[in-house]
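Each of the next two complexes has chain A plus one other chain: chain B in the first, chain C in the second.
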Partner chain A sequence: MDAFNNFLTGTVTLFSDPVGVLIFFGGVVGGMLFGAIPGVSMLTLAAILLPFTAHLSPEHGIMLFSVIYCTGVYGGAITAILFNIPGAPENAPTAFDGYPMTQNGEAGKAVGAAVMCSAIGGVASCIVMMAATAAIADWAISAFGPPEIFALVFFGLAVAASVGAKSFWKGWLSIMAGLMIAVVGLDPVGGLERYNFDMPYLAAGIHFIPTILGFFAVSEIFVQAEKKATGSYNAPKLSVAFPTFKELWQHKIAVVRSAIIGFFCGVLPGIGATLAAFMGYNEAVRWSKDKEGFGKGKMEGVISSETANNAATGAAMIPLLALGLPGGALTAMMVGVFQMHDMEPGPLVFLNSPDLVWVVFAAMFFANLSILLVGFLEAKTIVNLLRIPFQYLAPLILLLATVGAYAVRGLTIDVVVMFVAGVAGFFLRRSGYSVAGIVLGLILGKIGEQTFAQAMQMLHFEFSGFLNRPIALGLLIAGFITILASVYGAFFKKQPASTGTA
Partner chain B sequence: MGKLTKGQIVEGAFWLILAAFFFAYSFEFNNNIEIYKYGATLWPRVILLLIALAAIGQLLDQRKNGDASSTSKIAAIHEDSAQDTQYNSLGWYINTFILLCLPFAYMIVPDIIIEKTGTPEEGAAKVNIICGAVLFLAYIVISWRNHVGAILTLPLFFAAMMQDMGFYALAPVFIIGVMILMGERRPTRMAMVMPLIYGILIAFFVSLLYVGLPTGYISPFYDFGTWMVNTFQ
Partner chain C sequence: MTVKKYLLNASVALAMSAMAGHAAAECATDSLPASMDGPGGYPERALTMIVPYGPAGGSGQVAQAMAEAVTGLTDVSINRDHKPGGSGTVGMTAYMAAPADGYTVLEHIDDAASAHALDSSKPNPAEDLIPLVTSQITFSQIYIRTEEDRFTDWASFVEWVKAQDGKATIANVSKEGSMERVTMKFITDATGMQIQQISFDKGAPRYGALAGGQVDALFEQPGDVRSFLDAGKFKPILTILKEAPDAFADVPDLVDAGLDFEPLLRFRGFYVNAGAPEDRVEWLKWAFQKAYCQEDYQAYNESKFMTLIDSYRDTDGSKDLITETIGQYRAVYKTMGLEVK
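The block that comes next holds the complex of A and B.
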């Protein structure tokens, strides 16, 4: 009841302040817009705004970032669905089925499902966040150390190997390729340079934003260009027909499952919405009776991914506000906002600034609700981008991606890396590899290696130490079973008689 | 029991050679880390071992099941798999490989020429422009009958030249180039769409967001880029 009263107080405080209301709606629209523009993301907006938050009150600054976080995660789904360009890594699984839906003339349904499920996932996550922040933070932080996070990464990668590629082997090779890209640069323990080939640029590692833009946006342009050259190009069919309530109700279990997965992934520092989206999608595939339908335009794929990644946003605030641990890039920027106001996020914030905490909670709740309204209006207009002929859209997307890649560090070599990744992605996709697998390997590779090193140091370099940690052990066993089952399926399952040898 | 195709053998060999090369290179940073007995090499070497195992597993699977081995439960990107087109022959791959080397030649060759000939700083820009023109001409000639290769290479050329010639001067040419390669042939449409795309980008990123895009350093490209920044930012 205390939580409910605090929430009401936070809501009144938020909406009784005209400046607060203005900042709230600015964050809602800005997050959605930047999330939806190919080549930029909510992180671009947050980075631009960060210095200006010094002129705002701490409540307004943190609230603005939390609102951008909620709506930006949803906004990235729009480009993932319409152009196969995920606005952020957490929207990558949305593209698996969202983009085929667009090609099938169901763009409106895919966007509608994303709007609904992002709002549901986000609101559910906010409610749990408000009700159980303290208890969940205590449990997660005490139960999830480096061994558990490493085991979770391993399990996530093992499951992801079966998604997106033409075969288990190609899926596994895709993930391994991503992990190898992540190895380039400094090793996370000793700071030794690895695979830099005496090039100063490689010493700092390959940045994931140009790589993601290359593998998704650029390779997609190349694939479509090849289709145009071979005469097999079909323009995406325009549709603004949103899904019916009945259609969404059929996926209620997927929504609940993904919300739970998203919440638990989000609460873990460093894991966040990306793994949540992949896990939500993978579990949807695993539990579905129609596994073959995934990747070809199945609404459940969009629903699972979008519910999970928005469910992670509320959860990501728990370690940030309760313990001062940021879960990702945007929450790390929020730490910067706190510091600019001479504050430190952590347990003391709840004691010293309860108003701030509950204004932020209320703002996140209403930001997720506003996805429903503003999201539908935005979707109705943005779907019309599909009317633009591809020969005009292609240079625009390539140049947006160029600006996005360059703006990260101001290096033209990042643009070269992006286009090299685009060419590589084009050839890998032709051969049946999964660019999403590569990107997942790239993002989780660094977390995986770092947590593995921390885990081994913690366990005194004894692998048997994992036996004493039931959560880590369970996740590792589940990961190994997933891999073994896939290997067994590849070698020993009977193949259809009609498929001959090459 | 099937027989492996040439493509499958090449694919398997690619991964195995890649793994072997990176394994051999890992000795370059095989130093001790005091607080971490596995050093900086354990993680990449385990990944390389898994790459080798997966490549061998794929070859065995393909040998056993032929093309059927490619059919997974969840194949999301089937439509992108290699197609039986003119863009899938050995000749096409060789032609495309040569094309893809051209932008990288631009990044290397002018520096070599400048170094070997001892060209003074004021003459270096001319070397860059001449090299760029020659290589771009070679690109047009080699890609004449290789449409897909041309599309893959053009953005790399754009990126490679951006450091010297800047975003502002190259972007209009790039927009028109991509439109032509995507099948647009109407000059009036191109004349209308190019300024529109260019204008949107400049208005949004330069005027609104103050994003500092590369101006290049070779005159007159640099002068144009600086003028654009001064006018619109």
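The block that comes next holds the complex of A and C.
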């Protein structure tokens, strides 16, 4: 009851302050727009705004960033669906089925499903966040150490190997390619340079954002350009018909499952929304009776990914606010906002600044709700971008993707990486490999290697140490069972492990 | 919630408040002229500051605070260009490739000195660059959880670790040869402790590992774990200085603990290419050194526990600090068996 009263107080404080209301709506619209514009993201907006937050009150500064976080994660789904360009890594699985839906003339339904499920995932996680932040944060850091996170990554990779490729081997080879790319740069144990071929810029590793832009956006433009050149290009059919309530209700289990997965992944420091989205999607494939339909335009794919990544936003605020532990780039910037006001996120924030906490909680709740309203209005407008002829749209997307790749670190090599990934993706997709698998291998490979090294150090380099950690053991067993099941499916049931063409 | 009220919650913070008053009374560069004309109309456009780390970390924040202080003092804008990765290698490489015309400056930390100590082909911050100012110098501590009952202070910690036969753990950074790793080698050599260091690249998972009980102790600088100290979640059991500052007077320092080695310091500063025109360098030195004493910058340093020891070095002082640090690292790298190029 206290939480509800605090929420009401936060809501009144938020909406009784005209400046606060202005900042709230600015954050809602800004997050959606920057999330939706190909080549830039909510991180771009946050980086631009970071210095200016020094001139805002702490409440307004943190509230602005948390609102941008909620709506930016949703905004990235729009470009993933319409142009196969995930606005952020956490929107990548949304493109697996969202973009084929667009090609099938169901762009409106895909965007509508993303709007609805982003809001549901976000609101659900906000409610849990408001009810039990401190308790969940303490549980997460004590129950989940490096061995558990490594086991979770292993499980995620095992499931992902069966997603998107045309065969068992091509699925695993795709994952392995991603893992190989992940080892370029500094090793996570001794900080030694690996596979950088004496190129200092490669010491920073291959960043996943230019890789995603290359594999998804650039390769897609090449694919469409080839179709245009060979006369087989069909412009996507424009549709603004949103899904009916009945259609959405049919996926209620996927929504609940993805919300739980998203929340769980989001609450782990350093893991966050990306793994949440991939896990949400993978589990949807795993539990579906129509596995073959995924990757070809199945609404459940969009629903699972978008519910999970938005559910991770509220969850990611838990370790940030309760412990001062940011889960990703945007929450790390929020630490910067706190510090600019001589504050540190962490246990004392609840004690010393309850007003701030509850204004932020209320703002996140209403930001997720506003995705429903503003998101529908925005989606009705932005779907019309599909009217732009391909020959004008493609160079624009390439330009924005180039800017986006360069903007990550201000390095020309990231633009080169993007185009190399684009060309590689073009040929790999033709050959039935999964570019999604490569990207997932890259993202999870970095986390997995680091946590494996930490786990081995903690367990004194004895694998048997995993036996004493029930959660890690359970996840490892689940991963091995998944691999065995996919081997069985590939070699004994005489049917391809294919679930799509992403 | 005001900053003052926030600080009242911890005894350490109270000590800080007292020191802040002292710092406001006099500052290292008060004697520099209040204004200085740039040579020949320089700077005619905004400066660029390359920052080899992300915007949210310690380097990103000090870069922002200093850039704003310089701009407030001179009305010259500074664009920050973050180039993270490779423990500062990427930013340094990008900086050395930029024109040496005095329009591009660099923020860097002591990692640049240790990188040169290990591999002399990497730029020497005291020779290939001109330090404009070192504006943050801090020290490290060993932390345990406040609620810890297996050990409660440095002496009982050492005893407990020795009894674990190498199975005790401490969260630390990953980079071999870094200030943190070298200091831990000093400590383990001096005490005879065997302790497994767990490699964490980023701060948040490192602090979470101690808070969640995944590791037994943590190596860190006080400004980075201030929220945990203020909240009473962590407590320092060893200050890695020969004489502990007043704010940590009750925490054993190296002398108290009987550890005989020269402590390595974490420092952050601002540099310009040694090939930049001399008159422009002089103006930059004035701007950055004078900005150090700007009220906002001092307030920022206080909030980050950066006034507990003397955090300021001018150009010559910075060169001495860097050169001494490189010598210390070279000596210890040889004893560690690392290949010094």
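Criterion: the second predicted complex is superposed on the first by the 493 of 502 C-alpha atoms of A that agree within 3 Å, B and C clash if a C-alpha of one lies under 4 Å from a C-alpha of the other, contacts with A are read in each partner's own complex, and residues count from 1 in each chain.
As a convention for this text, contacts are C-beta pairs under 8 Å (C-beta built on N, C-alpha and C of every residue); 3 or more make two chains touch, one makes a residue touch a chain.
Bear in mind that the values here come from a model prediction, so they are computed numbers and not experimental data.
Peer 1: Clash or fit: what happens to chain B and chain C when chain A is overlaid?
Peer 2: fit
Peer 1: Classify the contacts of A:Gln457 with the two partner chains as first (chain B alone), second (chain C alone), both, or neither.
Peer 2: both
Peer 1: Can you tell me whether chain B or chain C touches more residues on chain A?
Peer 2: Of chain B and chain C, the partner in contact with more residues of chain A is B.
Peer 1: Quick check for you: in the superposed arrangement, does A:Gly145 touch first (chain B), second (chain C), both or neither?
Peer 2: In the superposition, A:Gly145 touches chain C alone.
Peer 1: After the superposition on A, what does A:Leu192 contact: first (chain B), second (chain C), both or neither?
Peer 2: In the superposition, A:Leu192 touches chain B and chain C alike.
Peer 1: Should A:Ser353 be classified as contacting the first partner (chain B), the second (chain C), both, or neither?
Peer 2: Once the two structures are laid over each other on A, A:Ser353 reaches chain C alone.
Peer 1: Regarding the shared-chain residue A:Gly35, is it in contact with chain B (first), chain C (second), both, or neither?
Peer 2: A:Gly35 contacts neither chain B nor chain C.
Peer 1: According to the stated criteria, A:Gly410 is in contact with first (chain B), second (chain C), both, or neither; which is it?
Peer 2: Once the two structures are laid over each other on A, A:Gly410 reaches both partners.
Peer 1: Pick one for A:Pro89: touches chain B only (first), chain C only (second), both, or neither.
Peer 2: In the superposition, A:Pro89 touches no partner, neither chain B nor chain C.
Peer 1: I'd like to know which partner A:Arg430 touches here: chain B for first, chain C for second, both or neither.
Peer 2: Only chain B is touched by A:Arg430; chain C is not.
Peer 1: If you take every C-alpha pair with one atom in chain B and one in chain C, what is the shortest distance in Å after superposing?
Peer 2: Between chain B and chain C, the shortest C-alpha distance works out to 6 Å.
Peer 1: Show which residues of chain A both chain B and chain C reach, each in its own complex.
Peer 2: 189-190, 192-193, 410, 453, 457
Peer 1: Could you please specify the touching residues of chain A with respect to chain C in the complex?
Peer 2: Checking each residue of chain A against chain C gives 47, 50-51, 54, 58, 138, 140-146, 185-186, 188-193, 200-201, 203-205, 269-270, 319, 323-327, 329, 332-333, 335-336, 339-348, 351-353, 355-356, 409-411, 450, 453-454, 457-458, 460.
Peer 1: Quick check on the complex: what are the chain A residues that touch chain B?
Peer 2: For this pair, the touching residues of chain A are 48, 96-97, 100, 162-173, 176-177, 179-180, 183, 187, 189-190, 192-195, 218, 222-223, 225-226, 228-230, 232, 285, 291-292, 294-296, 390-392, 394-396, 398-400, 402-403, 406-407, 410, 412-413, 415-416, 418-420, 422-423, 426, 429-432, 434-436, 449, 452-453, 456-457, 461, 487, 489-491, 495-496, 499-502.
Peer 1: Using the touch definition from the top, list the residues of chain B that touch chain A in their complex.
Peer 2: Residues 1-5, 8, 11, 15, 22, 25-26, 29, 31, 33-40, 43-44, 47-48, 50-51, 54-55, 57-58, 60-62, 64-78, 80-83, 85-87, 100, 103, 107, 147-148, 151-152, 155-156, 158-160, 162-163, 167, 171, 174-175, 178-179, 181-184, 193, 197, 200-201, 205, 209, 211-214 of chain B touch chain A in their complex.
Peer 1: Could you please specify the touching residues of chain C with respect to chain A in the complex?
Peer 2: Counting only chain C, the residues touching chain A are 1, 3, 5-6, 9, 54-57, 60-61, 64, 68, 81-87, 89-90, 93-94, 166-167, 169, 173-178, 196-202, 204-205, 207-209, 211-215, 226-228, 230-231, 233, 299, 303-304.
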